[in-house]
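This structure is in structure tokens; I'll ask about it shortly.
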């Protein structure tokens, strides 16, 4: 028989015949894709160019007279603290809610609850902000007083207790409430996708419902939960209005969650300062926005990395 | 999964009979009756209530302690009667259900707060009057509603074609480095904080028109940046669902690719794409921060998005709340009503999206 | 209407991977030619190369010549879209367009190409094609129902009606019965016998009884191992292939000794 060695041949030289309509349509689709790249490059470029004056300006001309790093650091700290707080509160709850909807609630109820969670994920952040300031903050005073009385030796609850309740703890709680539906929606989605065969295999081994969930559902859904949590973290980091309305700020860098002296967050600070700012102050705010952009970008990259690395082991395909 | 409990109940009862005769089969000590959880819950509530009646009653504490006692009692009793594994299972069930209820509290509270506070000014004047010349009571958010519709509409007009075409490129034409780059950067765009999008729009127009610029179109550009990745993602998902067999059937009839996409692929999944777009609009229509930065606020009706500040519902609500005039009450009322209207719009868009996806669901096989 | 197909030293590539090597075959008009062979032997790839459907996969190209009544299908300036209008295709699984009615499915070839036609002409086409596909009597009262409301066998005949509505010269069938029950399969096989007076038919099948039942000529494709290109081992009249094939491999395959 003839040799079967594969000889790499160059593609046919004749240009493939394509119709005019095809070329126009493919071109415009491609153009739209390229436009997105241009827009994103534009976001980076314009932010950089508008932030540049603040970066190169002498320290004493900036708001606070201490230089850009000193200005941004407390804000960055507040951003990370509030978002982390929200994540710690929301993730376990979200996993439980997702499990409840996917594996505990009666089937008919589950679909309605799913819709409800999706709906709550879409509620505008301003609504959560108003609720946090109006309802949650006053209601939190009793709890924070109690925490201070009995757990005051922990630095987190050192006090003095804010009388208005507009504390970092409340800001974190509001953010947690906001990202709860987001994480839940993602987690529920992956829990529901657990292969029925895996679940039945576990049950056939005599596993209780919880053992089945631990053996089949959680390992399958883990990367989904992580990516959902990272999505929520990204939202919490960039969330503006809720924090701007709820938090009473002093610029202090502190882990004290229940006093009235709190660091602001980058996003909230921009929202609060921007409308009244001009000149170099605007450039400074844009520079802080750039920092926020970089931080959220890093979180998203990390999430994607984790998900991609985990995917091979999750059994999902 | 609703039948999980019954199923395990049946398992154990069927195990029980041989368990007595053949010692090799693991013995199940017993099973709690079906009413046991409810009985325990009621018992815990009564016990905690009785204790609190002596020490001083508070609803929050009562619910909290009841839950704790219920979980503990369930675990201990189940462990004694049914063994450790069943006890853990019951405990987790209690925890998961409790976590669900805990999570529902704030969400219901949000809705209750907005509705009860917002209903006061949910009247005709709110939808027909602007705030021009209004110092105290009265006035409305007509200007803000119009502004929100104009800006969101502009954003939709810009982002839908770009987003849908990009998704088509990625699914139907995409390969090689360009499509990988676009996929990656769309992911990046998904993570842009909304305030940063606002800053971008401001920076863009400040460079062109000088610092301090505010206009509706800048807000629309900011919302476009936020909306494009959502549209791309959802449309991409929908296009991927369309079976390749349909594309092949069309090609085999001698239909060029672009007509195949326009006349076969897109109609097949039109409902899904429309649903995704509707949800994307719902997502951006409530955005406050970028509009605060790029558009500002005004008291009168401004129909020209290319000139000067415009009012929008979320920004209107924000300023009415944080910077009320004197007396405060009418401003707060308007803030809540604006939030309520916004929430209703978002929910309506969600309902519309569901209806679209139901009505246009591809009839497969 | 019906035309001859001649492949001359045709090799088919996906990128640099050679999927099918050196096919020389002559398919005569108004006959049914069956292509048989084990999975992955390149028979489907060869079939799809006849109307350039394999080019849907990026990087696919051919060497050699493929002629339709002497016209080179891969010549410079030949539009693959035009080729597909002359050479229709029916797929493994019935794939009517889910958004279209039965009526619209039949005339999809015209409608999708934006040909303006009179209603009466379209009605004629629909009736002629559905009659040609032995489906007219079953669906004439519900032409406005979605194509997906039909049974699997009816859907496949609808797809055949759709393919012949554009009046092609050749009809390619890629395992058209593999997703159908025996009764529906019989209906399709009967239909193939009727269609061959008007069309050149090439059918890929895994079912050797089917090849023996419906075809006049049979080509046997084989592959030596994974990663190697598929080849046309032998092509002859069907009864020769199944009774006294010249090649050992063919005999082994048709007698069920492997594959």
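A, B and C are the chain letters, set down in written order, and residue numbers restart from 1 in every chain.
By our rule, contacts are C-beta pairs under 8 Å (C-beta built on N, C-alpha and C of every residue); 3 or more make two chains touch, one makes a residue touch a chain.
Here the structure is a predicted model, which means the values were calculated and not measured.
Chains A-B form the pair joined by the most contacting C-beta pairs. The most central chain, judged by C-alpha centres against the centre of all protein C-alpha atoms, is B. With every chain reduced to the mean of its CA atoms, the largest distance from chain C is reached by A. Measuring from the averaged C-alpha position of chain B to that of chain C gives a distance of 49 Å. Separation between the centroids of chain A and chain B, computed from CA atoms only, is 14 Å.
Chain A and chain C have CA centres that are 52 Å apart.
In chain C, the positions touching at least two other chains are 81. Shared interface positions of chain A, i.e. residues touching 2 or more other chains, are given as 19. Across the assembly, chain B contributes residues 256, 259 that each touch 2 or more other chains. Residues of chain C that touch chain B in their complex: 51, 53, 56, 58, 81-86, 88-89, 91, 93, 95-99, 108-109, 111-114, 146, 148, 159, 162-163, 166.
Contact residues on chain B toward chain C in their complex (touch as defined above): 175, 243, 245-256, 259-260, 263-264, 267-268, 362-365.
Remark: chain A residues 19, 21-22, 24-26, 28-37, 39-40, 42-43, 46-47, 49-50, 92-94, 96-97, 99-107, 115-116, 118-120, 122-131, 133-136, 173, 177, 180-181, 184, 203, 206, 208-211, 213, 234, 237-241, 244-245, 267, 270-271, 274-275, 278-279, 282, 285-286, 289-290, 292-293, 296-297, 299-300, 304 touch chain B in the complex. Across the complex, chain B meets chain A through its residues 1-2, 4-5, 7-8, 11, 85-86, 88-89, 92-93, 95-97, 99-100, 102-103, 106-107, 109-110, 113-114, 117, 161-163, 165-166, 168-170, 172-174, 178-179, 181-182, 185-197, 199-200, 202-204, 206-207, 211-212, 225, 228, 232, 256-259, 261-262, 279, 282-283, 285-289, 292-293, 296, 314, 317-318, 321-322, 335-336, 339, 342-343, 346-347, 349-350, 354.
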